[in-house]
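Scroll down for the structure; my scribbles are underneath it.
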């Protein structure tokens, strides 16, 4: 249980925020941050631990969001139940994309490209299909009752988002401590060596894809409930694919708290840019791009890695050798 | 005594956080054949890569014709006349033999190309016959000749040959070592990095034995060749 | 004659125009050390890749422990007890030595704690006991070879394929490694090894297979093979037979 | 419905559109073939070049077909600089980093354009934009015919350059055998940057050919990127001929599928083809098997 302690501490501390401030601006900011952290944790499991860089996690996010919304709007199904179905639907999309790309042995850039293409196909379909409201989008009816997963104030939303993030942290920590996790990391480090040691790389990658898709779909479901409006460019837009990979990469790829830390950093940067520029569109996102390049170039292990690098490590290349022949 | 053409002093390098070369000192004089022997993984290729500028040294100096080159780019080192024929040949498989050779003279200007090419063809008549054949379709031995020929196109003063005998049949290996002597007879210094101990010691004047990133032995090649204890201890023969 | 653990029937493998393995047939007896020798490019590593499931042969069959395993995936073969090492070592560079070995140990032990503990035991057996918590990236060549071996052993194999575990080691490191291989055989693990270091082949192997241009050209005890001077000289170069015989003398 | 009266114009129009696709894909495949990286900034560089062509006309009155003489070299330099000073140094030679750095560049360029020019859509009105040429039953817009011919010329020049010049040979050498090229004295970092510059110049030319008949806004290039990816995968990663043939083919497929399925679903046909291609034969029709 010791390894789960940091999760409980972090979640408990964050849970106190609504008691400190009732500011809707602050809570709204934090809800969005948690949402990105959740979507990013999904990406992190597959990309950070498994080394499979998806450029199309919007496919899962959007599916979760649309399924939750459509079930309510078109079929009158309860939103809480819709949340579960939305997560399952996201996982299902994960099975399809994962089974296809991993069965054919797609790796590296090819995998990134194919995930991107799947997300784009879904976006185009959603922008014309009648069931998604096509160009108009889908609006979830306002129904401010907890049973309908809608609340008067932001605080309950915040706690639910925090709960989902906490749950995702526990799931990922559990995976870290399991054979499945060890196999996943082994695949990231060296797929052939893993196969030689008895790792069924297809099944492990597929399983990682399913859990990853489910987590990111949960973020999509929550998004739908929180904003109550979706269209194809929101649900399946490249913005979420980018945020989902940016957060863990900035925070520390393949680390438990990387996505949360990264989401906090990029959202704070985005907000402060907006403040400075007076909300002109574009500049805040340009900063994301700059941040991405800076992290890749200067701190490949993310901000968390940067912090730990400040602490002296045991093994370092000797920049000045201890002995020198004259 | 002639001034050294290549002078390596206290060279350390490696990959990532793994140190491969742990302080290497040696020199090659003009017109000399020097051989560096050692097992797989002793650091031989790392050494030749560091000299050619492909791998950055962590510490130490490399001087060629009295100029420091340890921070120079590979292309600049080639321009100075220090040419490496790498392990595994590294020819351009989808180009013709002639295009391969001409790219060897990339830094030398078009005017000298014909002269150099004819010189290479006189050493390797077989390459002349196969000028317009795609390099990837040559046999292993011919590919090795092409690799050496491409190196000669750059007008080397020092030619580093990294494991040229690798993957060649015993007969071709004999032929190769005769060639190395011929090239050297034209005044080109040769640094021969090899696992083929017997023949390398026959052609070289001096030898160094590399083990675990350090030289454990150096001296005249003949002396090392005739010392069975040394050979057993360091070369496992 | 004892039942064979591994039977290779007329395996062929072609890459484009190149016939890498040409109707190679041989058997491996259980509990023995068999060495596969031959010049560079003879097809030894290709043959290993086929036996371990990384490549599918164009022709031929592989029978292991009485079952046809031709074309089975590497992880299925690992579960049946076939482990391999790679000529070019393939450590999980970002993991510690213990975590590396644990990946192998997980094959028989689903529990993380058990696997990590078992990894420690295997590490001690191959002489990596003091470097357990070190990152695999910091190991020397000799250390990486041991790690490669340890990971394979952690899967509790019946047959291990060792692809040049001695290559890149200096004579004193080879002297340290030879007893480790001997110890593994003494545990009852069958070993098929590709090796260039003749001395080690002569000391360790009970059976030697000579592969040249994709074909098995000689087979027998080390002494029998070394005695076939013509074959050896033609394919392994001048003085090879002498080296083999002197190696045998040392062993 | 399937009479030649409809099919022939659809075919010709598809080829015209396909030519532009081919040119964009040519740049992408060149960069992929030599640097082995997928350049995610390709589409936004196209957008940027379209803005350049737009303003050359809107502000100075420079005809896009003349502006190409300035814009193409300018974007060659931009591409050279991006690879030499940003992408190369930050990626540390790792595949994954190239993906992320070019993605980062794409985000930066697109959003800077958005910041400076807002989301407005702009078009230019050339006096001859609506002139047509009659070929059989088909009426083809003059700018599209010019574009088609121009693409064929550019592709031929590029092919001759790659085949016969020293720099072209050096590019091919680096593509196949980087270490060998380095040790033959070829400055690999320079050749990489030249290649990236050439790829960027290709999109700059494409931009000048597009602007007479197309609009520009900060996301205008995006529509072309995935199509270009499709073509590159279809034609074989790194194959110039593949990009050309693939581009024309995709243009025709799009033309026919939008005729039967409608404009918006026409694109889906391309993506489905893309996914199937990636899954079944990622090395493409003209590529070498990996």
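Lettered A, B, C and D in written order, each chain numbered from 1.
Everything that follows uses one rule, which is that contacts are C-beta pairs under 8 Å (C-beta built on N, C-alpha and C of every residue); 3 or more make two chains touch, one makes a residue touch a chain.
Model, not experiment: these values are computed from the prediction.
When each chain is reduced to the average of its Cα atoms, B sits farthest from subunit A.
Counting contacting C-beta pairs between every two chains, the top pair is A-D. Between subunit A and subunit C, the centres computed from C-alpha atoms are 43 Å apart.
Subunit A and subunit B have centres, each the mean of its CA atoms, that are 51 Å apart.
Mean C-alpha positions place subunit A and subunit D at a centre distance of 32 Å.
Among the residues of subunit A, those touching two or more other chains are numbered 315. Listed for subunit C are residues 93, 135, 137-138, each touching two or more other chains. Among the residues of subunit B, those in touch with two or more other chains are 16-18.
Subunit D meets subunit A in the complex at residues 37-38, 86, 89-92, 95-97, 99-101, 103-116, 118-119, 218, 226, 229, 233, 264-265, 267-268, 271-272, 274-275, 278-280, 282. Contact residues on subunit B toward subunit D in their complex (touch as defined above): 52, 54, 73-75, 78-79, 83-86, 89-95, 99, 102-104, 106-107, 150, 154. The part of subunit A that touches subunit D in the complex is made up of residues 53, 55, 100-101, 104, 106, 108-110, 112-114, 116-118, 120-121, 124-125, 127-128, 242, 245, 249, 277, 280-286, 288-293, 296-298, 300.
Every residue of subunit C that touches subunit A in the complex is listed here, in rising order: 52, 54, 73-75, 78-79, 83-84, 86, 90-95, 99, 102-104, 106-107, 110-112, 115, 134-135, 137-138, 151-152, 154-155.
Looking at the complex, you find that subunit B touches subunit C at residues 16-18, 39-42, 140, 166-167, 169-170, 173, 198, 211-212, 232-237.
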